[in-house]
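Look for chain A in each of the two complexes below; its partner is chain B in the first and chain C in the second.
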Partner chain A sequence: MQVTEELIDHVANLARLELTPEEKAAYLTEFPNILNLVAQLNDLDTSELPASPVNWTSGLPDDATSPTRPDNTETYPKLAECMANAPEAEDGYFAVPKILDN
Partner chain B sequence: MSTATANPLLSATQLSEKIQQGETTATQLTQAALAAIKEKDGEYNSVLATTEDLALKTADAVDAKAKTGDTLPLLAGVPIAVKDNINVAGYATTCASKILEGFASPYNATVVDKLLANHMPIVGKTNLDEFAMGSSNENSAYGPVKNPVNPEYVPGGSSGGSAATVAAGFVAASLGSDTGGSVRQPASLCGLVGLKPTYGTVSRYGLVAFGSSLDQVSPFTTTVKDAAAVYQVIRGVDANDATMRPDTPTTDYLAELAAMAGKDLSDVTIGVLQELDGEHGQSKGAIAPDVQSAMTRAIETFKSLGATIKTVSIPSVAYAVPAYYILATAEASSNLGRYDGIRYGARKQADTLHPTYKKTRSEGFGAEVKRRIMLGTFCLSAGYYDAFYGKAQQARRLMTKEFVDTFGGGVDAIICPTSPTTAFKLGEKCDDPVAMYLSDIATIPANLAGIPAMSIPNGTDANGLPIGLQLLGTHLSESTLFRIAQAYEQAD
Partner chain C sequence: MTTATATPTKFETVIGVEVHVQLKTDAKLFCNSSTHFGADANTHTCPICLGYPGTLPVLNEKARDLAVKLGLALNCTIAPVSKFDRKHYFYPDLPKGYQISQFDQPLCENGFMDLSNGRRIGITRAHLEEDAGKLNHVGAEGLAGSLYSLVDLNRAGTPLLEVVSEPDLRSAEEAKEYMANLRNIVRYLGVCDGNLEEGSMRCDANVSIRPVGSTTFGTRTETKNMNSLRAIERAINFEVARQTKVLNEGGTITQETRLWNDATGETLPMRGKEAANDYRYFPEADLPPLRIDGEWLASVKQSLPELPAQRYDRLLNTIGLPAFESNLLTETKELGDYYDACLAITQGQPNLHKPIANWLLTDINGWLNTEKKDITEIALTPEHLVELVALLEANTIGSSVGKKLLPELLTNGGSPKALVEAKGLGQINDESALEAMVDEVIAKNPDNVAAYKAGKTKLIGFFVGQIMKASQGKANPEVINNILAKKLAE
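Take a look at the complex of A and B:
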């Protein structure tokens, strides 16, 4: 497939990355090689297979269900330690730059 | 087969016995490990930070308990290092990334709680490829790790620091994480035992997520018995990880191994994986000659131990690398969305929110992490999702079925080289991501299928670099793998 600068820009925006001109140039040459590698999958006949990997991945029977625990509400005991990691906090909340331009 | 490393330490299980018998103390061993890291790690860069206070506190508690004559828990007092993508409360978790600068974990990973419950002193956090993405440990924001067997060579990755710290003899055991071979490949390149357990038997809570459906915390040791012992300490269900298997065995592997010592393998069938046989088929020429001849010798050793050898085929292994690099990058692009400079880590402030995200992520992530986020985002984006992600999930399902059917057909374990080559020199593959990705061909299938696999030492090449032999088994077959690996370790 064709890897264009527009495609690289679009994906970078989705990934919330800002690319330097050097990075963009590198992706324009590397991405076709990587996509050629992953395109080998097209040779594999998977017409008989469902896309879900879950049960075969675990080796459990197809009708197995994921284990769950009761959804109990409790106060997280280490709130202060969590907030101590915040780059910026105010009154126990995370502070962020303004969301809208004016 | 003897190990190629020069680790002068006794094995973890031997050290544990000496503590119990009063011949040494946990404090002595812990101080020795911390001193060795301080004095000698400048050469290897295997440890990013020591966790000295925690280690000495844990050791002190063991020694107090040992004095009373009480029976100590398994491996009590034996120093261990953990990869720096595993949370230890109160200490930094860097994932070898600039984006986590300033972050200290509020909580322990479940595996860390389990190590501490068994009184194992945690001496340090080990270097890694940034966010566990890499096969050479050259992608760390804190510099590459060097292979203690020969420092001109890479230790493998991504758990290169955890491998090197054991290979250098600082500790007898360490924990890494294995998403596509990140423990087995460095174990192979450093001459160690590396075990990737069955997916869902070791909690991922507190292991920083890369590819959540593939990640598994995995031990490095110098012996098979030690691998079984560390696995026995860290396995077990955890309400904080919804992907855990309720049927995780509670088997006493050490008792089983003791009972099996000296027994032959006449009731065991071993499959040689045709797709990774360097003498025939599609891998012809892709396996280094010394690695291939070590494989041939291994097959002869297994025959002399009485095992039945047969050739097996898992045709979808040919698609393992493409399927993995879609699924792992897709999961990573989602998992790494959380690093946005809002709740933790280094924020690079811009005027408004979106530019702040972009600036933080662009300056905080290294080149390989960005490359994989880009690839994963592309694979999940509108218009490409079915052709890439959907197709890769189907390939994964097919591969798992082929493995389960093969094991179900009377094969106890499959063998192949862990890595197609021995360690390469630092800088040798840095400019070619595709070549680097292909070096994971033998290890990726076990992660995709969720099955257990281990790498054990299998001699050295002409340059004295270690070669690894990989054993793969069906889900929850760790018992069988330990038994076969121990028989091989004790042969010759």
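Take a look at the complex of A and C:
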């Protein structure tokens, strides 16, 4: 994969990160290194290895089943503490900065 | 001089819809917070739906059950193993920074729905996902120009089944019917209240046009914010007209999301649609795969109630109602249930089936419309409607008396038979009594009798009307007609 400045900008934008020119320059070398390292795994011959007991995509045992719970409601007793972590609140709402630039 | 005018290209409309069906559970999809609407902001939340680190989602089994029911009703294959994925995007209504959804292994796939014109609409998939919260923008009507926003996460985590159709719909009317059928199906199943106005079913329409005969798709737009069946039809028609104009003028369609404005009757662009891979889907490692047991699935299939299409078939083919009446009686589950309750009482009296349907669809429905009520709010029980129709069919009362009694029966209930007796409204079928009435009216209206005899035979209606009035609606109009015709011919 060709790592370009545009790709760095795109990934940064998706993650809502603002990068300095120095950081961008650093990622331009670090990104390909990391990708190449991972790509090397494709060259390994794994045909002789026993099947893994874990599904490496989900990180869960292959026969894992989603537990379920009954449809019962519960009021969380410490809601006030949850709200207390909000940087800004107003009338029980979380208040967030302006979403669109004018 | 001749002017060459290019013939405008004939276009075909291609529509696919995504419908978010809010599943009728008490608790949210992955936590025990309530889904009930109308509470104070953020009081139906907990660390899980607020997206606190270190919390673990656990699937609500009722949401799974309702999703499977709807999937089966839409003729889908239910995956023995499906999985959950994280769909990433940043917006203040999404506390975790990702939505738990199903990406490459959805719960339901490859279904279909048949439309009344015989066309089969493919259903690509239906997958479980959680809803986002709700934003109130401060300082402006909407998002644009607002100073800041207030976040209510009561809705965050509410279970949704997103039903995705194939791009098989070819007109706004078809899309509307598809949506109406889907609403009817969710109501029959009881998996969702099907209320478009309140957003418990939300429809996004992907609309594109292409030259007739073309097999590739044109660039599509996605239209949101239609809060009624009528709005869906209008929004799609607007979008088709807009795209047609753009292409005919040599322009190109931009792939974008557009918002329907019901007041102005137009769609406006919202934001450029992110390509699917921008959501950076990856498996939700906090939730093991969802496995559906084959035996359990078979038992759910067995327990499905009769669906609208099946009821329609039964009313049409087994009961023998005309297509029009069969369709109307299927349109809402409640009306169909009421009719079915009447059918259960009239076993062995098939002659009553059609008149009961007629009374329900004309007089009772008319009254309901005027009173702004629905069938579940009437005091008249199916037993008593059957009794009323039986009185009419036996000519014990005339239809004008039936119509007169109806409002009282619908409001207060009670036995029509008892009411007819108490009010002395039984139909007069006795010929000699009716003859006396006819003689009286003829004697009182010599001018009209002369006119009738001179050829104005339509005046028979006048005479019947006079007698009905004099008898307070109790005279049997058929018998009167016969006597009148005989007497006036003398």
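Note that the second predicted complex is superposed on the first by the 78 of 102 C-alpha atoms of A that agree within 3 Å, B and C clash if a C-alpha of one lies under 4 Å from a C-alpha of the other, contacts with A are read in each partner's own complex, and residues count from 1 in each chain.
As a working rule, contacts are C-beta pairs under 8 Å (C-beta built on N, C-alpha and C of every residue); 3 or more make two chains touch, one makes a residue touch a chain.
Quick caveat, the model's predicted, so the values are computed rather than measured.
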item: Which superposed partner A:E90 touches (first chain B, second chain C, both, neither); value: second
item: Partner with the higher number of touched chain A residues, chain C or chain B; value: B
item: Contacts of A:N42 with chain B and chain C, given as first, second, both or neither; value: first
item: Partner chain in contact with A:K98 - chain B first, chain C second, else both or neither; value: both
item: Chain B versus chain C as contact partner of A:R69, first or second or both or neither; value: both
item: Touched partner set for A:E30, first chain B, second chain C, both or neither; value: first
item: Chain A residues contacted in one complex by chain B, in the other by chain C; value: 14, 16, 57-60, 66-69, 82, 94, 96-100
item: Complex interface listing, chain A residues touching chain C; value: 14, 16, 57-60, 64-76, 79, 82-83, 90-100, 102
item: Residues on chain C engaged by chain A in the complex (per definition of touch); value: 25-27, 32-34, 36, 40-43, 45-47, 50, 52, 58-64, 83-84, 88, 90-92, 135-137, 143-153, 278, 280, 283, 285, 287-291
item: Residue ranges of chain A touching chain B (in the complex, touch as defined); value: 7-8, 10-12, 14-19, 23, 27, 30-31, 33-34, 37-44, 46, 49-53, 56-60, 66-69, 78, 81-82, 84-88, 94, 96-101
item: Chain A contact footprint on chain B (complex, rising order); value: 102-104, 106-107, 198-200, 213, 239, 242-246, 316, 318-319, 321-323, 325-326, 333, 337, 340-347, 349-354, 356-359, 361-362, 365, 367, 370-371, 373-375, 377-379, 381, 388, 390-398, 400-401, 404, 433-434, 437-438, 448-451, 474-476
